[in-house]
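Labels A, B, C and D are assigned to the chains in the order they are written; within every chain, residues are numbered from 1.
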Amino acid sequence: MSDFWKRFSRNRGAVIGVVILAVVVLVAVLAPVLFPQSPWRMVQRPFLPPLSMDQYPLGTDALGRDVLAGLAYGAQVSLLIGVVSTAAALLVGIPIGALAGYFGGVADDVLMRFTEFFQTVPSFALAIVLVAIFEPNIQSIIAAIAIVSWPPVARLVRGEVLSLRSREYVEAAILSGQTSATIIWRQVLPNTLSPIIVLASLMVATAILLESSLSFLGLGDPNLMSWGYMIGAARTVIRQAWWLSFFPGVAILLTVLALNLIGEGLNDALNPSLARRGR
Amino acid sequence: EPVTGGRANVVIQPEPPSLMVGLVQNGPTQMVAGNIYEGLLRYDTDLEPMPQLAKSWEISEDGMTYTFHLHENVKWHDGEPFTAADVVFSADVFLRETHPRLRTSLEHVEEISAPDDHTVVFKLKQPFGPFIGIFEVGTMPMIPKHIYEGTDFANNPANNTPIGTGPFKFAEWEKGSHILLTKNEDYYEEGKPYLDEIYWHVIPDAASRAVAYETGVVDMLPGGSIENFDVQRIAEMDNTCITDKGWEYFGPHSWMWLNNREGPTSDVRFRKAVMYAMDREFARDALWNGLGKIANSPVSSSTRFHTDDVTEYAYDPDKARELLQEMGYDGTPVRLLPLPYGETWQRWAEAVKQNLDEVGIEVEIVATDVAGWNQKLAEWDYDIAFTYLYQYGDPALGVARTYVSSNIAKGSQWNNVEGYVNEDVDALFDQAAVAVTSEERQELYTKVQQILTDEVPVAWLLELGFPTIYRCNVKDLVTTAIGVNDGFKDAYIEK
Amino acid sequence: MAITEPVLSIENLTIALPEGADRAFAVDDVSLQLFAGEILCIVGESGSGKSMSANAMMGLLPDLVRPVNGRIVFGAVDLLDKTEAELMDLRGRKLAMIFQEPMSALNPLMRVEDQIAEVFEAHRLLTPKERAARAVELLTEVGIPDPAKAAKAYPFQLSGGQRQRVMIAMALALEPEILIADEPTTALDVTTQAQILELIRDLQQKRGMAVMFITHDFGVVAEIADRVAVMQFGKIVETGTADAVLDDPQHAYTRKLIAAIPRLVAGQAPTRKEKPPVLEVENLFKTYRTGGGLFSKPRVVEAVKDVSLQLAEGETLGIVGESGSGKSSVGRCLVRLMEPDRGTVRLAGQDMAHLKGEHLRAVRGSIQMIFQDPYASLNPRAKIGRIIAEGPMAHGVSRREAYKRAARLLELVGLDVSAADRYPHEFSGGQRQRVGIARALALEPRVIIADEAVSALDVSIQAQVLDLLADLKERLDLALIFITHDLRVAAQICDRIAVMHQGEIVETGPAHDIFNRPQNAYTRTLIDAIPGREKELAAAG
Amino acid sequence: MLRFILMRLMKAAVILIAILTLNFFLIHAAPGDPAAVLAGEAGAADAQFIEQLRQRFGLDKPLLTQLGIYLGGVLQLDLGYSYRQQMPVADLIFARLPATLLLTLTAFVIALVLGTLAGVLASARVGKWSDTVISTLALLFYATPLFWVALMAVLVFSVFLNWLPGFGYETVGANYTGFRRALDIAQHLILPATTLGLFFMAVYMRMTRASMLEVSRLDFVKTARAKGLRPGIIQRRHIFRNAMLPVVTLAGLQAGQLVGGAVLTETVFAWPGIGRLMFEALTQRDYNLLLGVFFVSAAMVLLFNLITDILYRVVDPRIRVVS
């Protein structure tokens, strides 16, 4: 474990990533304390430029709402959706991948065709359709993101399981009379953990991007102040108020960047033998 | 002095599904097709009728017979002559089948006949005050009989190459890019039109439309083309004129449906509280550039028979809280359906939500797209829902439908969606529609407006102002009550 | 071979490893001389610095690893002083190298002929056409069957031995003065290994090259070396002529290495009283079908063909044969990691060849397996205690009891009880193999199958593990099937031996008979190919 | 090879049918239908009018019957009729497809060429400043929301600097022809193609760099060095070709997915492609049109996968011969 930290902290990018992410998490957690009033509240005249009033350092939007408060609450939404939808995707992808990889044969064929099928549908388009159909709200957004992002998990887990399956220690476990369920759970899955963790950190980043893209197209949850929503809403006023789309964009950029850096750091630290792959 | 020649570059948004205005009556279709097709009449900005295909007309004393005399040298774009038979075919056959809004008005008609090639007579079953107001091109466009008679209207291949009598002819349509109309050299009005061609640019993104105007790609932005937030900036540009004329006939009136059947909104005190809670002035200034008027009555101020003598609801959150307290509102959350027509409406819903929040009403915005919104309204699956409707110049055409109880029916969002029932109101609207004199009608409508503003079946918002923006050297662009929808036959570009 | 002037001499070479490596210097103050026309073998266990020395001569040290002291003198100049451009000119022309892994040492995407032609291209020699012609000539010279066809082939279309020949052809293309061979035969099976050794020896004699041959196998040394240098921990501990070092090792380390080599002479089978068979295998068949779909034909390999075997209680049966002969397949059918197509496997009278589900799980305890790879056979995320206790627990033994048993077993295989609380990566290969043995014993099996159980270990450790196995077998009265490709190992531990070739058992008999009086022609080639055998026989008289 | 392609085509057909079926049910599960939308646009529709429309579109039939009719049509390569646009779906799509292909392929080529070049460069200079710059850029591009870059690009290059057109496919009404038109389109293409390509460029950069480094550690590279080959040749001939294998795979997978990404770009840049067509069709419940777009884009994904596999076979002899 300490070994892991040593390797991880040697990676400068990863440390920067952790710092950025920590700030984002902190802001998200403290948002209700820092900005006790709803981010939807119209507090000043519309289109107040940044730095023109001390109280609203990032200015106000088309309805006179505090941009900084919006950013803080947006962090909550982005992180929540990123983490929950990734967890959901893992919950779907890991079992499918594990079953396909472990049992092989027909099960593998069926499950992989199923996975392939989901990969053939252009994923962003599918996400749009799903959200539009089930009406944009946080549940449908999370579901849509999970649905389009589980296939890579399944493939990764399958690949790992496939190679682990023929590892001698798994064969030893078979010989010692353990049941398939025990073997998958105790011998195989724990050893797929590191690549899954790495993938998961990158998936959170992708999920945040996806959510913001959906929001940008007007397919966000209208009751949640998210970064994508802020950019989407600011698009039509980009000429008179660049800051409305600029700051949330930077927030997304930094968060996604941080997660990617962390993902790479984790990869280097957890799978020193595995070469980096651009995903 | 009008100058001949030149091209108009106009924005069209969204891309119309078809230009066959007899089949499709949505906004963009009407806007483009108004140049190709014509009605018998036009209306000036005071909603007084003006000649178009009919050069003159008479209404009998009893208000039951309308006789139109047609221009004599009118030709369809394919060269065939336009005659009274076309009028009878259009009104009696074609549009009765395809035009639901006109169909309702034509129910008052006993018979349509053509005594000769250039005379058409509409005989009514009983007097119908607003009847003279249904002859503009969007309501009763003239359809060529020689092309459509006996065919399957909806699938007639000619729909793709519309043939009308208008000042411009259909030339080319590159889907997703532009529509080109060219001058009708054989137009029956001497010297018109002035322009050589009209390019309708399909630019689906509001911000890009603004850029298109700024960079000189287009010269005209019909109402609603750009987001309201951009209007002021664009209007301040050099050589740029702006007018909110040309919407008098439509009188776009916005309100929020309040579900009168169930939930907190079924309580009149709650509905009044909503009226008091909303800062409509802020919404107009922040979201509509200060254009438009606060709607204080169900009848728009540009529509006939409007009155100001009604209960007014100024922004007064305290009063709203009082009313809520009085009714014993228990904090039940209400669902709010924004209008899925762009950012302004979205922001407006957010502002209203915030307004209501402040007086203690918990609001959950439900996101839908156009289809979902239509369905939810038609199925009455909402608590509060934004909308705006046209008034077509007369309360009998555009106002009564929203409030009379005979108009409560699932499956459409163009009727009494809120489920408001008041027999007095029903009776007053019925009488007013068939009353012969204007004075009589005014009296009845005043009464109705007073009752309605007292009971708040819906929460009126604004009489919308949709500004048309154009280069100042374009003259006579908007000359009638339907503005750009009436075609560009008068417009010319000053050198 | 009285040559006085060395073609190349390494003087006090010291190569530093980057920070955080397992030791400071990969090569520490090494001096060596290489004479024309001789084969110098460098031996030593894994990690002793053999490859690093060789790489340093080529100027091909990995990044961050650099020589810090000493000289490599080649033709009056110090190679360490040369610029990269000068070295480039020498590489391939004066100094050539072949590597251990023939699978990965050739570019998979290039035809063999192009890869050979590149050597000429690199030194701007010949026209493209001539280069192609030379490639075929070279391939002929290294004895590839159908050289013209091989020239057009991609590496994956050739066998391991053939690829190694291609590597040699490439190295010889410009008739270098020095050939460095870094374990070129380790990845090959015995028969192929023998051929390659012969080829190198022949070419070396024909051309009078100097060859530096790196290996960890003393059998190979005996076969090919003129002189030997022994390395340990980056230092040379002993040099001398092959005979001197092999027959009369001076340094303790060398002695230890040589002592650990399994002797070929199989002990005269102790005349045991006939014991009843515990495992009877009859007419076992296994055919693999891979690939293939709606339209394409599957690849069919008959890995096991009509194999019958008997294993008596307390007996050790060796299964030997070259790579791919089906040894592992038999083993896996016996333990039912795989279901045989046909045949019976009677374990104490019960046919377990086609049992399924719970029944299979129940009988599994009686037959266990020890695996080849000490790294892959232990779950890296489980503690040793759990690894051993899991089996008994799966058969209903209580947790406490199972862990107690694990502790006893650890002691039995010579590990500390505290090992139970540690993870596999904290142990060396030999120790891990002991854990693997303990795990196999945990279910108190009647029969153990050991598939290449010592192949991955260094000789000295190999010896320890083999001793342990022999000891346990005796104490616990186990029957053992020992699968190996290494006949020396088989000779040391087995009572009886079965020789496999292309899925069939071609000969079975007592170990002594097999080695001394092989009946089958294939068995004979196999035994003839054992490196160092002649020398050993000579020594034995 | 022919057999392989045939096989793949058959498989593709099955997948396409499955995709259509799934989407068919999905979209029919959405609230509202095209009749409601059209009626809504008509201004004053009554239930009778909507019923009329439903009948005309065949929406009154049972769902499975509708599916049967639709799939039957598709098998005869008839993608149906768009309710709202009143045109055959195939015509609509093929009118828009060239624009999307132009956009996505340009973006793809830019991304692939620049991405791999930069990746190669970075891998050749590991640890040097040029590697740091490239790697940092790649990370940034990788993390930037596509739509946001697009917005910022319009703001900077189109609005503030006025260098490039910020929207549209060509200057409408200019009636350019020939070279002038191509130039005009090219100008319009620059911003959308670059912004769409950025993300993918980042992906290829990172992947190429990693793959190059990985391959350069392999044994055959050492063999090549031992031959005395110059580093340049080793890079090109040995490392690059091997390193490109995973990049090719990934690129093939993504080329198809670009269509999905194009929705955002086409929206911001008002590019008349099928990404936007899809979005419009979706909100209007133009069932046939939406299914048609899905059909075409899934077909493109499959096509690109096929091309990749063929390419892979050409590059990698191992696969070529084995199957």
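What we mean here is this: a residue touches a chain if its C-beta (ideal position, glycine included) is under 8 Å from a C-beta of that chain, and two chains touch if they have at least 3 such contacts.
Since this is a predicted model, take the numbers as computed values, not measurements.
Should one ask which of B-D and A-C has more C-beta pairs in contact, the pair is B-D.
Among the remaining chains, the Cα-based centre furthest from that of chain C is the centre of B. Distance between chain centres (mean CA atoms), chain B to chain D: 40 Å. Averaged C-alpha coordinates put the centre of chain C at 50 Å from the centre of chain D. Centre to centre, using the average C-alpha position, chain A and chain B are separated by 45 Å.
Residue positions of chain C touching 2 or more other chains: none.
Those residues of chain D in touch with two or more other chains are numbered 30-31, 154, 159, 267-268, 282-283.
Each of the following residues of chain A touches two or more other chains: 132, 135, 235, 238-239. Here the chains touching each other pair up as A-B, A-C, A-D, B-D, C-D. Those residues of chain C whose C-beta lies close enough to touch chain A in the complex are 335, 337, 361-362, 364-365, 367-369, 371-373, 376-382, 387, 390-391, 394-395, 436, 439-440, 442-443. Those residues of chain D that touch chain C in the complex are listed here as 3, 6-7, 218-220, 222-230, 233, 237-238, 241-242, 315-318, 321-323. Within the complex, the chain C residues that touch chain D are 58, 60, 88-93, 96-97, 99, 101, 104-110, 118-119, 121-123, 154, 156-157, 167, 170-171, 291, 293-296. Per the touch definition, chain B reaches chain D in the complex via residues 7, 9, 14, 17-18, 24-27, 100-101, 104, 154, 159-160, 174-178, 199, 201-205, 207-208, 211-212, 215, 217, 340, 368-376, 378, 390, 401, 409-415.
Chain A contributes residues 38, 40-42, 46, 62-64, 132, 135-137, 218-223, 233, 235-240 to its touches with chain B in the complex.
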